[in-house]
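First chain A sits with chain B, and in the next complex the same chain sits with chain C.
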Partner chain A sequence: MDVQLNTLYIVTRGATVRRDHLTLQVVVEQQARLTVPIHQLESVAAFGGVHVTPGAMGLCAESGVAVNFLTESGRLVARVDAPSSGNVLLRREQFRRADDPGARGSVARCLIAGKLHNCRNLLLRAGRESGDAADQGTLSGAAGHLAGAIPNLEADTDADTVRGREGDAARVYFAAFGAMVRVGRGEFTPNGRTRRPPLDRMNALLSFLYALLTHDCTAACAAAGLDPSVGFLHVDRPGRPGLALDLMEEFRPLLADRLALALVNRQQVKASGFEFREGGAVSMDEATRKAVLTAYQQRKREEVTHPYLDQKVPLGRLPFLQARVFARHLRGDLPSYLPCVLKN
Partner chain B sequence: MIPLPILPADGADYPPLSALNDLLFCARRCFLHRVEGVWVENVHTTAGTLDHRRVHQTRDTESATGRTARGLWVTSHRLRLTGVCDLVEFRPGAPEVPFPVEYKRGKRRTWDNDEVQLCAQAMCLEEMLGHAIPSGAIFHVKSKRRREIAFTPDLRERTGETAERLHALLAATTTPPPVVHPKCKQCSVRSVCMPDLLTGASAYRRAVADLFRTS
Partner chain C sequence: MKVLVVYDVSTSDSNGPRRLRRVAQACQDFGQRVQKSVFECSVGETEWVRLRTRLLAEMDERRDSVRFYFLEADVRVEHHGAGEPWNLDGPLVV
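For the complex of A and B:
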């Protein structure tokens, strides 16, 4: 069976991560706060002003654990990885396919079909749980729109067409998003999707969760021996983890959107935990970020039955499994990439 | 520690002797490990690494019953293989008779891949030293028992064939298809290999058919 591997997040400013034999030790104000055996880790995420000693980075590299340095809001700044990780044959095949418009289109339509299924299931679920007739109407209308878009993808042969359909679906989905907010609707209804900077609380929350998810999907691609930066749906751009973003599409509704809604609806995240800056940018305060990280880690531990691998897996393992399915598709073992669609 | 994909030793592009063992266990696993660079640690692999480190760390010794060498690097140009002998006893005589001993954790395997690996060590030593080696032993770390193996013509032939199969496998660019077998249960790379997904594909086929449908 798979070992339950995990990400070590360090958000405390001024913390130091150092090596202690075969463990990583997190030290804050000269006090050891946490010791984690290296073999339990898949990656390390250091947010903001966190020090990682060369010894700790060396241990991580030897063990195939990537160290990611991120800004406090979760943007990736730098990444320390082993000198040669993964498989050159696989990466070469990935580049070859990514250069082939036909292959790009057929992968892209599968990725987006998976995403739209998961978005639609989230809308349907929220509709069932809602007590308000107007909201139910909004949600089932949006779900119906996505249901209509999915079969059209099957005939799409180029990635641009898929991107167009995805854009339309995303607009409808985010327009209905507010109907899934049940508590604090005034403060937490998003005004469409805004980013760089997010202009409302819900978008600030989503952006942070997407950053965490990008981080996990990047680690998943690297762990499967793929190059996280060469995507099929997302075109190459320096500094952008194209393949990680591709892989992430199906997980946005499962691991980020649903969690954002739960945090707001259960009032685990309060309107007062957000800061408004000059120019309208919204960000979360440190306590809120910590609460979100804790909830995200908890959500990743929840077990689901993988629809076609037929095994119980924690949600946090899904990106890693799917990255391997993707690699198996590239190596010719599987006729198409099959995303993970969850009913609940 | 994660062993890196095996690099050619001293310039020669020869696979290691242990790859024979891998191949006899499972051709797909062997390809995933040696060509695709896939390696996943589990209890079995870590314990094996530690056992071997222990053997190799002990010094070479000399006594009345002969001298022993540990961690001896050997190569055969005929088999096109290279590797390390855990332990070789040089038994007194004129000339001395080398007696290779391979350390294996656990009990005797149900598939006899260890014998081929040991025989290949002996064939390397024969080629390097220029004299015949009639037998060697597999030392089972857990039971602390030695099992003596005679290098019969039959075993030698099997070893040569396995080496040929290995070279053909490593020269290929496509991964051998998975074979579902009870031994998959203890295989550390199972999660990457995904034998169940690729062979028992009914759930997969259903999911492919459903991907562009909505109910």
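For the complex of A and C:
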């Protein structure tokens, strides 16, 4: 397959997505804004008040294109997908392993090791680029802490201990996060990690990017024939895509954190593009969401060398590849899950 | 692969307008109109076979012509003036 599959994002309030023969058409105020042949799409993401006609939904279902309905802040409300395919034996094995504390611990350890490695690389990179001695100190200190935490994971056999270590490391990481913000530090320094609702601009931006990443990871799990909702690090909870969240851990720094910092530091996202709600919740306006989505799609197209496939792949393919690595681990072809650790 | 589809459909006979519409629709289903009878299509092998078969079936060999230009991956396109098309391989955010 040589067509790069794309995601159609609709963020304009009052837009309609309808079917026109073999294409999807986005109509805004009775004007066709965009017509896309269905074969070029992998999924459709409709944010907020967007109308998708039954005809459009039918075309997507026939073509195996998932339709996601999300709130404006990116929380998934509903997903319309073709009946699940893949191998039921693989899913059964996934459930069996997820019930086994030893297997949970071993997978959780690998996932968090990958995450911490990638977080550490981000801190080191920002430290190299920073001109400020105090910031460099903060960043290398935090990077050192993460480096120390990784070998400790080796000894952990259960998922709870791993979760504890991850929590400690995340606190250190987010405490140092502000030192990676170079422009508009007053407005964009996060006060730790807050969510539901995010209480500052950086957290609003991160929450939105994490939501996008969750969808991509959910799609990746489903494409590999896995059940996105049965996780190893994340405990089962109704409506929570546990395995997708597991898979996402190693990609947070690569596809979300680094992008959020770049958007702020390059001033592609401005402080004025955020809205403050009663109770302190912060969200982005429509123009900012569009800018973030565009940047996210562009970032996914950037090519990196996959560390053990030794192949150039677009960043956006990594969750799909890693989901397959995960499936290979479940099938017994790989003794442990290998997270994707990039050098940069 | 990227294919540029260019056609000329004769509308002088009674069936002409119908053929023109159907040829245009086939192109629309697989690509994007960049000028009146010029379409850029990003297609995989399957879509390419479907598009080609459909076009050849719709056209009238004696009156119309269709030309396919196969574009290299690093093709460079400049657009000036009205009706700049979307890059369907780039970010799609409406």
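Quick note on the criterion: the second predicted complex is superposed on the first by the 340 of 344 C-alpha atoms of A that agree within 3 Å, B and C clash if a C-alpha of one lies under 4 Å from a C-alpha of the other, contacts with A are read in each partner's own complex, and residues count from 1 in each chain.
To be clear about the criterion, contacts are C-beta pairs under 8 Å (C-beta built on N, C-alpha and C of every residue); 3 or more make two chains touch, one makes a residue touch a chain.
These numbers were taken from a predicted model, which means no experiment stands behind them.
Enquirer: By residue count, which of the two partners contacts chain A more extensively, chain B or chain C?
Expert: Comparing chain B with chain C, the partner touching more chain A residues is B.
Enquirer: Of the partners chain B and chain C, which touch A:Pro151 in the superposed model: first, second, both, neither?
Expert: First partner only, chain B.
Enquirer: Is A:Leu90 touching anything from chain B or chain C once the two structures are fitted on A? First, second, both or neither.
Expert: So A:Leu90 only meets chain B here.
Enquirer: Examine A:Arg120 and indicate which partner it touches, taking first as chain B and second as chain C; both and neither are also allowed.
Expert: In the superposition, A:Arg120 touches chain B alone.
Enquirer: So, A:Thr53: does it touch chain B (first), chain C (second), both, or neither?
Expert: neither
Enquirer: Give one of first, second, both or neither to describe whether A:Thr189 is in contact with chain B, with chain C, with both, or with none.
Expert: neither
Enquirer: For A:Thr7, decide between first (touching chain B), second (touching chain C), both and neither.
Expert: A:Thr7: touches chain C, not chain B.
Enquirer: Does chain B (first) or chain C (second) touch A:Thr161, or do both, or does neither?
Expert: Neither partner.
Enquirer: Touching A:His39, do we find chain B (first), chain C (second), both, or neither?
Expert: In the superposition, A:His39 contacts both chain B and chain C.
Enquirer: Of the residues on chain A, which ones does chain B touch that chain C also touches?
Expert: Touching chain B and chain C on chain A: residues 2-3, 39.
Enquirer: Inside the complex, what are the residues of chain B that reach chain A?
Expert: Those residues of chain B that touch chain A are 1-2, 4, 35-38, 41-42, 173-175, 177, 191-192, 194, 196-198, 203-204, 206-208, 210-214.
Enquirer: In the complex of these two chains, what residues of chain A are touching chain C?
Expert: Touch residues, chain A against chain C: 1-4, 6-12, 15, 20-23, 26, 28, 33-37, 39-40, 290, 293-294, 296-298.
Enquirer: For chain A, which residues count as touching chain B in their complex?
Expert: Residues 2-3, 39, 62-64, 84, 86-90, 110, 113-114, 117, 120, 147, 150-151, 153-154, 224-225, 307-310, 324-325, 328, 331-336, 338-339, 341.
Enquirer: Where on chain C is chain A touching in the complex?
Expert: 1, 25, 28-32, 41-45, 47, 86, 88-94
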